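Labels run A, B and C following the written order; every chain starts at residue 1.
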Amino acid sequence: MRLFVIYTVDGITNGMVYAAVALALVMIWRATRIINYAQGAMAMFTTYIALTVIRHGAPYWVGFVVALAAGMVIGAVTERVLVRPVESRPPLNAVILSLGVLILLEAIAPMLFGGQTQSFPVPVSNIDIVAGTTSLPVAPFGLFTVGAVLVAMLLLFLVFQRTTLGLRMRAAAFNPEIARLLGIRVGRMLTLGWGLAALLGALAGMLAAPSVYLYPSNMDEVLVFGFTGAIIGGLESPVGAVAGAVGVGLALSYVSGYIGADLAPLGGFVILIVVLMLRPQGLFSFGRQRQV
Amino acid sequence: MRPEISRSRTWAVAAVGGAAALLTAACGSSSSNANTASAPGVTSTTVTIGSTQPLTGPAAPGYSEIAPAANAYFKYVNAHGGVFGRKITYTYLDDQYNPTSTTSQTRQLVLQDKVFAMFQALGTPTHLAVVNYLNSEKVPDLFVASGCNCWNNVSQYPQTFGWQPNYTIEGKILGQYIVQKFAGEKVGFFLQGPNDEFGTDGFQGVNDALQGKGLNVDSTPAYYTPTAAGAQAVGAAIASLQAQGVQVIVSFSVPLFTAIAEASAAGLNYHPQFVVSNVGSDPPTLSAILTGGALGKKLPAGLIAGTISDTYLPLLTDATNPWVTLFQSIKATYASSLPWDGNVEYGMAEAFTFVQALKAAGQNPTRASIVAAVQNSHWTDGPGLTPYAYSSSDHNGFTGVQMVTVGLTGSLTTLGPVQTTDDTPTGAIAAFTGTASAPPASGIPSD
Amino acid sequence: MSRMLRGSTLVRHGLMFLGLTVVLLLLTSFVFDAYTNYNVTEVAILAISAAGLTVLTGINGQVSLGHGALMMIGAYTTSVLLTWHPDLPLVLMLVASIVTTGIAGAIVGIAGARLRGPYLAGATLALAVALPQVPSHFASIFGGNQGLSVPTPTPPPFLGANFTQEEWLAWIALAAGVITFFVLANLVRGATGRRFRMVRDNEVAARLAGVDVARTQILAYVISAACAGLAGSLFAYWVTRTSPSAFTLNLSLSLLTAIVIGGLGSLVGAVVGSFILVYLPVWTGGFASSLNLSSNVANNVPLAIYGIVLIVAILVFPRGIAGGFASILRGATRVLGPSRRSPSLPTAPETPSQ
């Protein structure tokens, strides 16, 4: 029973990290109809920046803020400089572009920061909480992970639904032509969207690094699992993305624990296929069905 | 079958040999006129050897220092006249512990760089991918940096030689120690795998020693895969051992994953006794990985302290040992950026053995002559705590280890005598009664 | 005779490919050294897989981020059979791999028939990550982490004692490549290719025109999977050790980048992309080590350059290198004079369906 609780807690904690990535992917998809395959690599890069800052003596929170800020910058710059030209081209071009950015980031990171696998600090203890004489299956850092992503989601919700800026961003994503006619600087909204998404990605990178460790390709699998979660939820729905990602996290944890760690990705894949067979556009998507 | 070597006149031999080496080195320039390009990778002034190493990737922490350390020793030898006036050029490529990269890089080293021999190729799964190729191309495959007992296979791999005590030998001695000191406790395993030769060999060695001795053995090991994703799953693996009530964890893991395992245990408020293979237990490496990580800037006291492991080379922390002082002084001059830890000692010690082999291969070495040199070696000086076992029927290097434990500050304390054994399940374990040899005065092997 | 040449695509292609084969075989035996033959084999293998992928994605419009996993199926089919019976003939192994991977392709095609765009991409991506875990786990059949050993094919004795293994493997890979390209070239120009394009360009219209969309999509997947299976089988012989670590996500992504850079839907582009994939690291690696940079930098220069090439190429040549050359040629012919050929059917934009 205790193992089941441990696996569940692990699954939810990891799932929330995937959820941050899934949210980032959904945001970019809704805005520009592009999947940013480089989201994980961007997160890795910002985490390296944070580590450099921290290893030079700054406290963790300074590194944290720097990482999120760097994320915004990387996301915004990528959209403005690289993605803008391909937004109107066949989708496969954007795929290749984001793969190019991914490869480039994974090559530059070891040049700047060294290729060695490094450990990454935590802001609060990663040792399971002891209540009396029992060790509970959760550590403060696990609680922090879940809390941080929930707070990020809440803030994003408030921005999108309750502010004018958010309204403009939603309009630009929903119908760029009409938005332009209404005087909205659509390009600027897209840049902002990519920036916020990369900020979410940076958060995911900081939360994943203590357990995944830091090396140039450390976020590759996190990206795949986040993408899986986003698809399960349906790429149109942020709530779906989070639900899907947490589901993936749980599935991976149970398969890893009860069957074998090496089969975990297979478990994730099976869930994905089952969902897509039943609903090809994801669970929470209001499908734009293609019927004849 | 290990030849019994008398050690009583080692010092005298070493002194004479050292003088002879100095003389040869001084006269090196005159003998280089007789040097020919006697084999691929050999010119009249250079010998080129190649290697594949995990310089980056999940197996890199720690191991990435080995080849640069060996190279530092070669630079020292080159600066003192080389071997028969030839300088040793060591080309090592990064395979990231990925057997497919190992294959293409080994091809590159053999076909394009045309190396004389492979030296110190690191990793069990990685080298298994190329051992057939090297043997069919008759490229000497010297001193594989892995403890798989598969390298000792004279009929199938005549070109391939091991160097460190293989995991079966190590496992037997570790197992015997556990039986002696942890009777009545529950023993579990944390292995690279599943189905990885490194984990399988180690498991077999230890498990065989534990059977029928009244110990409670959990024969279902917990595994990790040495990949990016593998790191996340270690916590659950350690938790499953905890759930089984395991009190002693026997670990055959590379340094990064040993560190993650120990950190995970601490995170679960679980304090088992870790007994770790020497390939994954180097205290400075583990400290470096864990410090500043998920357990905070200052590691919980005793995180690594109390870990039990073994060694077959002089203790790192023994400042009076002549090998230690020799290697440290070479490191200070030729590789000052490297730390002083088990990996650096390993790299230099193995390089010493290679120079012994190259010298014994003759003035104009060929691939066949260096292989024959190792087989007929009977060298009396070497950095190991035990002699080499090389013969025409045995391609094992060292065949014994000494148990050690890690102290609070990373210090190492020996536990008992050096012991030797063979790699059969029932071969006896015997205490080694000889004395370790000292290095030649010049630091370069005598002939 | 000349009318037959102009009229029959099959014969024209046949002669062209025959000539190409002879040239390639001569080059490998008399011009290239062993290391070049080793690399040329890799180019051929990747080109076969890339050709199948470019037909699937470029001509039929279905994205696949998991072709590395399909190659893995081909490689393991050959390796498992050879472990069981080391003397099985090479051609039989190639055929066996084609068959098993083709079946896998059918399964993937059926499963993916209802998926579009990023959903198909995501599913194939998850497959690429998940499938390599199967041989790792079921070690008794598949050899676990260190995989299965595959014997290098030895040249037949009549070629002489000087004929190296690298040459022989290059011959085999190039021959397989030429045959594959011949088959695909005819397919692409024929009725099947037309159906593929119709479904890619407008599913609704295709369905109204009587094309069975699902069956076409599945057929495209089977064909591309068969190519991947052939490539995988050759890959096993080339590496001589089939282990899960060879089939990383990078392989699948590399194949995709290769076909887009080369030119989506273009068979020549598949070769160009594969050539770049193999030789760019070789050239840039040599360049990097000559600069005497620290190993951290030097080791990553090839990768960084590949990333930059991808970004620049896709921004400058949106239709890939082959597409870029085609545009240049078209521009040149327009300058030089009107075409004498009969007007061809209007070509639709190469957009994979969403």
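Operating definition for what follows: contacts are C-beta pairs under 8 Å (C-beta built on N, C-alpha and C of every residue); 3 or more make two chains touch, one makes a residue touch a chain.
What you are looking at is a predicted structure, and each value in this text was computed from that prediction instead of being measured.
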Touch-based graph of the chains, sorted into line, ring, star, complete or other: complete
Chain pair showing more contacts of the two, B-C and A-B: A-B
Where chain A and chain C are represented by their mean Cα positions, the distance between them in whole Å: 32
Rounded Å distance, chain A centre to chain B centre (Cα mean): 41
Where chain C touches two or more other chains at once, by residue number: 136-137, 299
Chain A: positions in contact with at least two other chains: 110, 115, 220-221, 260, 262, 264-265
Shared-contact residues (touching 2 or more other chains) in chain B: 55-56, 194, 225
Residues on chain B engaged by chain A in the complex (per definition of touch): 55-58, 60-61, 64, 194, 223-225, 228-233, 235-237, 239-240, 243, 256, 259-260, 266-270, 289-297, 300
Touch list for chain C against partner chain B, complex: 33-35, 38, 136-137, 139, 143-147, 149, 152, 166, 239-241, 243, 245-246, 248, 295, 299
Chain A-facing residues of chain C, complex: 57, 63, 111, 114-119, 121-123, 125-127, 129-131, 133-134, 136-137, 203-204, 207-208, 249, 253, 256-257, 260-261, 264, 296-297, 299-301, 303-304, 306-311, 314-315, 318, 349-352, 354
Residue numbers on chain A that touch chain B, as the complex places them: 2-3, 6-7, 10, 14, 54-55, 110, 115-122, 125-128, 130, 135, 139, 141, 210-213, 215-218, 220-221, 253, 256-257, 260-262, 264-265
For the chain B and chain C complex, residues of the former touching the latter: 55-56, 94, 98-100, 103-104, 107-108, 111-112, 124-125, 128-130, 132-133, 136, 193-197, 225
